[in-house]
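In what comes next, subunit A is part of two complexes: it sits with subunit B in the first one and with subunit C in the second one.
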Partner chain A sequence: MQFFGGSEISPSPPVPTASGNNGHMMYVFNRNGVCLLYREWNRPLRTLNAQQDHKLMFGLLFSLKSLTAKMDPTIAEKGNLGVPQLPGQGCSFHSFRTNTYKLSFMESPSGIKIILVTHPRTGDLRDSLKYIYNLYVEYVVKNPLYTPGSPIRCQLFNTTLDQYVRGIA
Partner chain B sequence: MAAAIYSLYIINKSGGLIYYKDYGSAGRMDTNDSLRVASLWHSMHAISQQLSPVSGCSGIELLQADTFDLHCYQSLTGTKFFVVCEPGTQHMESLLKYIYELYTDYVLKNPFYEMEMPIRCELFDINLTQAVQKDRVAFLGR
Partner chain C sequence: MPPVAPRSGDSIFANLEHMNAELFTLTYGAIVRQLITDLEEVDEVNKQLDQMGYNIGVRLIDEFLAKSNISRCVDFKETAEVIAKVGFKMFLGVTASVINWDADGTSCSIVLEDNPLVDFVELPDNCQGLHYCNILSGVVRGALEMVSMKTEVTWVRDMLRGDEVYELNVKLIKQVPEEYPYKDDE
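Showing the complex of A and B:
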């Protein structure tokens, strides 16, 4: 897996693909669908309460993943639509774009899902999401006071994340 | 210059599949699966509008998966056209708009066509086959 390749623990951040405060919000889900982290920087429109919003987002990602796994035009045997799949199994997706936002998505082998919502004109953020995953490993997983599966409350992680996202998007 | 299109779907405003054409993806989908995938896309499109951080969202236009790109165009009446193509294929927006034109000309203007029902129009098929050929798609970008 590329996440564990190389000897560097925390590689240098990738080159920014856009400049200015274009980041809207970010979600981190674990493999059970629990929202570990929700950050928002610029969100004028809110149609649902926070909990419903997180559920809807997780549901969207889950269904889109089963859709892409079923649609994959390069593999003949794809199984049935909607059958739950393990992380890394089947064809996944890395981003989608609407006229008002772009959503970038990454899933780690352990099932941690990182979602970043930015301006629709932002470039490819796959490397940035991997860097954010590294931040998560450094500041959250290695924090002895953090219980896995509980919402993330690490001051240092939040500030580093804020700083980084302001730089990339 | 790769411009391989794997498949084309047209779904009506309530999410029912009215046209599906496969252009050579591995393991062609059966009728039931194509109907399920089409209505699933309809719902995902609607949910993506609800999750928008700013107002005025009109749904997913491009989905980038590991092995394909999905481009979607929604007409003002709610009919959705989407193509599955190789990652990084160019001119798909203009191809979809052109397919919409063909749809209005050869399907909607056909007096025997019933609205929201599966499309069975020979002229539409013929013109569509020509439109998705590689050189024609490249021509749309000019």
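Showing the complex of A and C:
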């Protein structure tokens, strides 16, 4: 994969195995709750309109993060439930699985949240999400025509992302 | 799968694509020169450089976090060390050091012995108030703001004005935790 500047992307992407179509949806949010990107590959059921769907997803993750941090048995000091935390501080959850899908989550200390919904038998996607974060940096952040905080409208990023997600087991 | 460990500044710097240092220095010099011609007032130029640095910093932080795999720093002391040892090394190829911590750990100085921006530069007499490297203070401020820290970054010592090193003072004003952005009336 050739990127602008040719710098090495770390980590290198996992080897693609399955025939594809394992990724269902993907969201990228920034720290203010703005949905920067929503990609959909395989989503038969839609219950809410786009706005509400994004808000629901963001709210869900915000609460889950808070809850998992407060329930952490290894940390000595705990604040009250509902007190906002700095992104990346304390423990952070990375996925949950139901009988029909698995949701994988990654948050950077700068507040960029990447969510990938896949089929339930997917393995640990943390490295894949890191790779997607690197893609975001190369194609979106370094793009001078992109204003940080606005929805991403970059065709090259979308194509590369589609290609990569298709290769995730 | 165990998480990838954070990488040191040297290893990241070695892996990134390098550009010609002279081209970088001369380009920066041309920018400052043009700003002086356009704005004429040295204070205005300083402000503009800081603003440019801020815009760069806001984007640079994501690249830094992605390439260095560093997770959240526990406190401001660790943050300053990471900026000096990993950040400056990764982007400018120079190692900086952190000195002069104040009593409550909210203010420190980052010292640069070597600065690629100022090779071949001499300040003329009519620009003595100019902070030539002010873009760096903007970059640090912008980057830290994206990780929830409001800071004030100023130049204390400047080699172009006769001091022995470059010293940047970084003062943490406050930490701004993430708030739930949507109102609850929905």
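FYI, the second predicted complex is superposed on the first by the 152 of 169 C-alpha atoms of A that agree within 3 Å, B and C clash if a C-alpha of one lies under 4 Å from a C-alpha of the other, contacts with A are read in each partner's own complex, and residues count from 1 in each chain.
In the analysis below, a residue touches a chain if its C-beta (ideal position, glycine included) is under 8 Å from a C-beta of that chain, and two chains touch if they have at least 3 such contacts.
Model, not experiment: these values are computed from the prediction.
Enquirer: Does the subunit A-based superposition show subunit B and subunit C clashing or fitting?
Expert: Here subunit B and subunit C can both sit on subunit A without a clash.
Enquirer: What is the contact status of A:45 with respect to subunit B (first) and subunit C (second): first, second, both, or neither?
Expert: first
Enquirer: With the two structures laid over each other on chain A, which partner does A:121 touch: subunit B (first), subunit C (second), both, or neither?
Expert: Neither subunit B nor subunit C is touched by A:121.
Enquirer: In the superposed arrangement, which partner chain does A:153 touch: subunit B (first), subunit C (second), both, or neither?
Expert: Touch status of A:153: no partner.
Enquirer: Figure out whether A:59 sits in contact with subunit B (first) or subunit C (second), or with both, or with neither.
Expert: So A:59 meets both subunit B and subunit C here.
Enquirer: After superposing the two complexes on chain A, what is the shortest C-alpha distance between subunit B and subunit C, in Å?
Expert: 11
Enquirer: Which residues of subunit A are in contact with subunit B in one complex and with subunit C in the other?
Expert: In the superposed arrangement, which is not itself an observed complex, subunit A uses residues 59 for both subunit B and subunit C.
Enquirer: Could you please specify the touching residues of subunit B with respect to subunit A in the complex?
Expert: 6-7, 25-27, 29, 33, 36-37, 40-41, 43-44, 47-68, 70, 84
Enquirer: Flag every residue of subunit A that touches subunit B in the complex, lowest number first.
Expert: 24-25, 40, 42-45, 47-48, 53, 56-57, 59-60, 63-64, 66-68, 70-78, 81, 91-101, 103, 117
Enquirer: Along subunit A, where are the residues that touch subunit C in the complex?
Expert: Going through subunit A, the ones touching subunit C are 5-8, 10-11, 31-33, 55, 58-59, 62, 83-89, 108-112, 123-124, 126-127, 130, 133-134, 136-137, 141-142, 148.
Enquirer: Which positions of subunit C touch subunit A when the two form their complex?
Expert: 1, 3-4, 7, 15-17, 58-59, 61-63, 65-67, 69-73, 146-148, 175, 177-182, 186
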